[in-house]
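Structures follow.
In the two assemblies presented below, chain A is common to both, partnered first by chain B and then by chain C.
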Partner chain A sequence: MRGFKAFIIKEIKENTRNYRFFILGIVFAVVGLLSPLSARFLPELLSNMIDENITIILSDPTYIDSWMQFFSNMNQMALVAFVLVFSSILSKEYDKGTLVHMVTKGLPRLTIYYAKFTVMLVSWTFFFWMSFAITLGYTFYYFPEGTTDGLFLSVGSLYLFGILLIALLMSSAAFFSTVFAPLLTVGGFLAVLFILNLFPFIEEWSPLQLASRNTELLIRTNADTALNQSLFVSALLILFFLVIGSIKFRKKALN
Partner chain B sequence: MMQTISDYLPILIPLFILQLVLLVTAIIHLSKNDRLTQQNKIIWALVIVFINIIGPIIYLVFGRKED
Partner chain C sequence: MAILEISNLSKAFGNQTVLKDVTFSVEEGSVFGFIGRNGAGKTTTMTIALGLLKADDGSIKINGKTVQYGDTETNNYVGYLPDVPEFYPFLTAREYMELSAEISGIEKKEAAEKITELLVMVGLEDNKKRIKNYSRGMKQRLGIAQALINDPLLLICDEPTSALDPIGRQQLLSILKKVKEKTTVIFSTHILSDVESVCDEVAILNDGRIVKQGTVKQLKAGLASEKWMVVCEEEEHGRLLLEAISTDDAFHDVTLNGPVVNGESTDGRDAMGKLLAHLNALSITPVRIERKEATMEEVFVEAIK
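Moving on, here comes the complex of A and B:
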């Protein structure tokens, strides 16, 4: 346990000096600010740009538009930035051979593995909910009529999807030694999920629902069987990725 | 038009400050970075200043060269 704590402190120091926390803080804050802004601003921008001879009917933006922007920004910017920034979490250590000293001094390998995962998990939790809080505050400010029904379910499922990708990133970092292999693994995993979504039977069970059905969930405000199945599969996959990653990491050559 | 702009100020000001913090951090780091040649520094400075948000981030992630 002492080793675990010490390693976590070392990780936090390293990530602060590497500007990782700084970058993520800015990106997630920008996503939080940008979502209500663009929901509010886009219709006006469109109506200014369109020629007067053309009429299109634009409905007034509501709080749902704000959250829609939040979900798409979160998927397309913040989650990508997070995976990119943390893709070198283990490869840098292999590269420099810095883990060798700690392992030979008696720090268990599993401690290293789970401490690294914990740091990623905690920073994802912190930045995600920070971004959420910013969007929530501004959404209430600009769209006072909005409610929070169903918000926790739709935002929480996106949060769980992030954890799934982090677990996959960690376990692929244990399998491969280069910087780009974990990135490709996560990208490939997403591509496979999108392809499998073509089959209705698999779609019902696919974890991809957690990231793609958020707006729908916000309106429905309760989970259906498909979502429950997808939550179940995601939880299983997170455990599976973590376990095979740690099994592999125990036997991994460290330099 | 003025009315709409002041409507957005509570959100635009923090956004602007975040951009500024990012830009200044990247520029300060670049000016102290002695692992880059003079030419590379000029190119990075242009990238940092002219590409909003993404420019400084790209520098801090890829251009820093381990310190």
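Moving on, here comes the complex of A and C:
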């Protein structure tokens, strides 16, 4: 695709010079560091803070606690920060009219759409696995007895869930022209997933499993039917979001 | 050969009709002025020609190929300069030109030479500042440089001078004059002196329709009336002339302002002969007698009446 590489380089310069990559680097590094540290030292901190007359029994932390913190921080901090940082991926271009010059130079609209998605995907991949590597290193340091069995499945599920949200963000950015609409779409999608989880039949197929069963998967090591169904639905949804977004973007009025 | 052919173009936004059956063509090698009031539909026409907006009806061909909404193939022949060009503020002018060259499919070596040549032409060759620090005039000059990077067959300029100060306007017009040696230019504006300065042919758009089209000379010649002026030595002479011609059907809208008599006639040449005959009959020797050349402003006002 002509101009794909040039547009990707432009996106990288933009995200670097506007400090987006810097912010994400900090957030993901903090998540990577904080997860094993908080698992290791939180019990000690708690026991120091509580009155001497109160006795609480805390079991010794393990590598599982470290990964539990990682999944929780990744869901509540890193993924939220990522979606926030990239929520204006197209709206700013619509607002300023900067895409007009690109399109009137003959750059295919689909090239723009997929170049932007590629940059988000590569950024997510880089920052996610960087954060994972930091947590992995410190987890081994603090909890040498820990194993990596089941780690790929449980962390990989969360990684895929992130891609699903990125695909939805990209698609909604093609449909709506404001910064907030893609954010609301992603938020609304999560809310719907939580509501649908109330129905056991739907829960078995819900992509939400990829972000909620990570600790359990760490111990299981093998995917069950429900998880396979969830993976299948998530992959389909990623494709669906990308395709409808690209169809919409191809016909979107730009001026 | 026509480089741009617009046929029966119509467009409405909700209940508001912006373009009604607009038809015109632009011949290769000309500077075509597209004039009209604010909101007349000039930008809408150009945006449809660029494939950025969907027409309700009609078709546009650029270099013989039909413009398809959402497709960018015909844009390979086009350079576009909007009224307020917006660029990526985090890039420098050279970086932006490199991006433009690469997406236009120009080889790197050729692009480097071309970029330098164009930046020299618009006076931005030594500028290392990021675009976010540029003035409006600098952005407009960069706009024309990026529009020419792919050696377009057709340069579409949408009110390129409307936001500029007089010096910026002069600079841009002189660049457009240079450009017209190689590229066909379509130039929308409501600044009529700019049209007279650079355009070979003009179309006037009013209420979504083309109401007049032709060369500047043809449009001026086609005016319904021509103005004239007689400067007498004394006010009394002016008054006598006014009385004498007031019953003559060849003259209308005649006014007296001191010793100066102004008026209009449907046929300027005939009016001059009759005026001289009246002056001769009254034994008045004028200080000056003049047939005034029509301005584009008069052409425009008459066209949109």
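Note that in this section the second predicted complex is superposed on the first by the 253 of 255 C-alpha atoms of A that agree within 3 Å, B and C clash if a C-alpha of one lies under 4 Å from a C-alpha of the other, contacts with A are read in each partner's own complex, and residues count from 1 in each chain.
Quick note on the criterion: contacts are C-beta pairs under 8 Å (C-beta built on N, C-alpha and C of every residue); 3 or more make two chains touch, one makes a residue touch a chain.
Remember, it's a predicted structure, so these values are computed and weren't measured experimentally.
S.K.: By residue count, which of the two partners contacts chain A more extensively, chain B or chain C?
M.R.: Tallying touched residues of chain A, the top partner is C.
S.K.: Just checking: does A:R109 make contact with chain B only, chain C only, both, or neither of them? Give me first, second, both or neither.
M.R.: second
S.K.: So, does A:L84 touch the first partner chain B, the second partner chain C, both, or neither?
M.R.: Touch partner of A:L84: chain B, not chain C.
S.K.: For A:I12, select first, second, both or neither according to whether it touches chain B, chain C, the two together, or no partner.
M.R.: neither
S.K.: Using the touch definition from the top, say if A:A181 reaches chain B (first), chain C (second), both or neither.
M.R.: Neither partner.
S.K.: Pick one for A:R250: touches chain B only (first), chain C only (second), both, or neither.
M.R.: After superposition on chain A, A:R250 lies in contact with chain C alone.
S.K.: Check the residue A:H101 against both partner chains and state whether it touches chain B (first), chain C (second), both, or neither.
M.R.: second
S.K.: Is A:L42 touching the first partner chain B, the second partner chain C, both, or neither of them?
M.R.: neither
S.K.: Using the superposition described at the top, list the residues of chain A that contact chain B and also contact chain C.
M.R.: The overlap between the chain B and chain C interfaces on chain A is empty, containing no residue.
S.K.: Please name which positions on chain B make contact with chain A in the complex.
M.R.: 4, 8, 10-12, 14-15, 18, 21-22, 25, 53, 57, 60-61, 64
S.K.: Give every residue of chain A touching chain C within the complex, in rising order.
M.R.: Against chain C, the touching part of chain A is residues 2-3, 5-7, 9-10, 13-14, 17-18, 96-98, 100-109, 250-255.
S.K.: In the complex formed with chain A, which residues of chain C make contact?
M.R.: Chain C residues touching chain A: 43, 47, 50-54, 69-70, 72-73, 75-76, 78-80, 82, 85-88, 90-91, 95, 98-100, 102-105, 146, 149-150.
S.K.: Give every residue of chain A touching chain B within the complex, in rising order.
M.R.: Going by the criterion above, the answer is residues 19, 22-23, 26-27, 29-30, 33-34, 36-37, 40-41, 44, 81, 84-85, 138, 141.
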